[in-house]
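Got a structure for you, written out below as structure tokens; questions coming shortly.
In order of appearance the chains are A, B and C, and numbering begins at 1 in each one.
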Amino acid sequence: MKDFTDIETQFSQIKKEVQTLKEGTKDQVSMVVFSGEMDKILAAMIIATGAAAYDMKVKLFFTFWAIASLRDPKKKVSGKKLMEKMFGMMLPKGSGKIPLSKMNMGGMGTSMIKSIMKKHKVASLEEMFRTAAELGVEINICEMSMNLMGFKKAEMIDYPAMTICGVGTFLSDAQESRIQLFI
Amino acid sequence: MKDFTDIETQFSQIKKEVQTLKEGTKDQVSMVVFSGEMDKILAAMIIATGAAAYDMKVKLFFTFWAIASLRDPKKKVSGKKLMEKMFGMMLPKGSGKIPLSKMNMGGMGTSMIKSIMKKHKVASLEEMFRTAAELGVEINICEMSMNLMGFKKAEMIDYPAMTICGVGTFLSDAQESRIQLFI
Amino acid sequence: MKDFTDIETQFSQIKKEVQTLKEGTKDQVSMVVFSGEMDKILAAMIIATGAAAYDMKVKLFFTFWAIASLRDPKKKVSGKKLMEKMFGMMLPKGSGKIPLSKMNMGGMGTSMIKSIMKKHKVASLEEMFRTAAELGVEINICEMSMNLMGFKKAEMIDYPAMTICGVGTFLSDAQESRIQLFI
């Protein structure tokens, strides 16, 4: 290190490196929400709303079976092909209809859990989606899964920050997140 | 950059930024252990004890079905309400009783795996919990799940670093961890 | 800060710290691929090939049930013990044989998804493994699981970067990765 010019050069370089590191670790949570069961989506939404309440940025990537939890039971879309209609009928219509991964017992276990949740003042999935919306949690839906299952955005619940996009969006979000989970 | 004072100011600022970055990435693993199956909890505990053996700090957040694996079959708690008693009966009582996620075949597959594990000197879940305790792995249990299922801390296995807490604890642990997993 | 020598010392220290931080966060994805279902392995491979296409380094750690998806149906290994033969028969033989986690319906749902994937030009698992190989995705297979299930490397598909190794390899890969997932 010979003189001030040299110091300045080195300084600006190290500053740039620190800046890159800082950008690489935003206070952000990225989750792939893959599973369609009520308990798993509940876990995802508890983590999501919890993190958002602690002022973290939260980005969810709904894919495969989890997308069914975002369907609005009151909305209908016409012009579907046979296969798409079949998927539409076989998959649960919205967060009120999805079963538990265990102890579902023909819906009895699921009802039991819901009544206990109510008693303990744990928010239902419907309420959690509303809270998540208020807290600015972003919901991205996997385009490929939407196409495969024949779902349209018009069938999904009203949600302010909902986008249909590809896995690339998840990857670039996850890359700059502190926490990444696959649920 | 005019003089030494200026250099000092810039130095102390960049040092602070590097310090913040360092604190953001502790050599720590945070896991949500959600699933109640033997194979999944085994995977979680192999990663946990492995990481602890490599001198990483490990914090597990047991929630939902996974909590049943921490029940001590020898302990009993009185004064439970009807619903809580039902959960107590329906969920497996401890790590010796939890089934495989696949090939359970009425318990036959699970016994088969256990006997093969023994033959290959792979530790059982019971032994893994003991090793984890010795290695300082922290077990946090989700308070909300405990309340919903009516479980009490007094029913859980003896474990030195076991705390009942909320999702906020997981989030702040995960935020400063290098590795986060949802199992 | 008294003179140039002092500045140099501090500079070299802060540079070292920044270097350590940079090494701690490679543009790398580490995934534990645990589940054996077609949809979950598909999700893992979509993320893996997507990340590799974006020039990230990708390291997969196949363990437990997921290993069955790597079996080559055309390869046979002799000299297996009874238990190992039983596992060989009970577990699916390769990515073409693994079922969906939901709506399998005796294979009908799985065939339906495959035909829809074809129609939408989504690559099959077989094709994804080939793409992953071309993109340099590394596949590590859990040694302990291989031993427990009696699988040999000679039964696995031809894949250029395939290694049998322990959980320690996953941990050190994950430690320096930006993204870690358990699927």
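Here is the rule we use: a residue touches a chain if its C-beta (ideal position, glycine included) is under 8 Å from a C-beta of that chain, and two chains touch if they have at least 3 such contacts.
All values reported here derive from a predicted model rather than from experimental measurement.
Chain-to-chain contact here is organised exhaustively, every possible pair of chains being in touch. Comparing the contact residues of chain B and chain C by number shows a mostly separate set, under half of all numbers used being common to the two copies.
The rotation relating chain A to chain B, fitted on Cα atoms, comes to 120°, given as a multiple of 5. For the pair chain B and chain C, the distance between C-alpha centroids works out to 23 Å.
The residues of chain C that reach two or more other chains are 7, 14, 18, 21, 25, 180-182, listed in rising order.
Looking at the complex, you find that chain A touches chain B at residues 4, 7-8, 11, 14-15, 18, 21-22, 25, 27, 39-40, 43, 46-47, 50-51, 54, 56, 101-103, 112-113, 116-117, 120, 122, 178-183. Only residues 1, 7, 10, 14, 17-18, 21, 24-25, 32, 34, 36, 63-65, 83, 86, 90, 144, 147-148, 166-168, 170-172, 174-175, 180-182 of chain C touch chain B when the two sit together in their complex.
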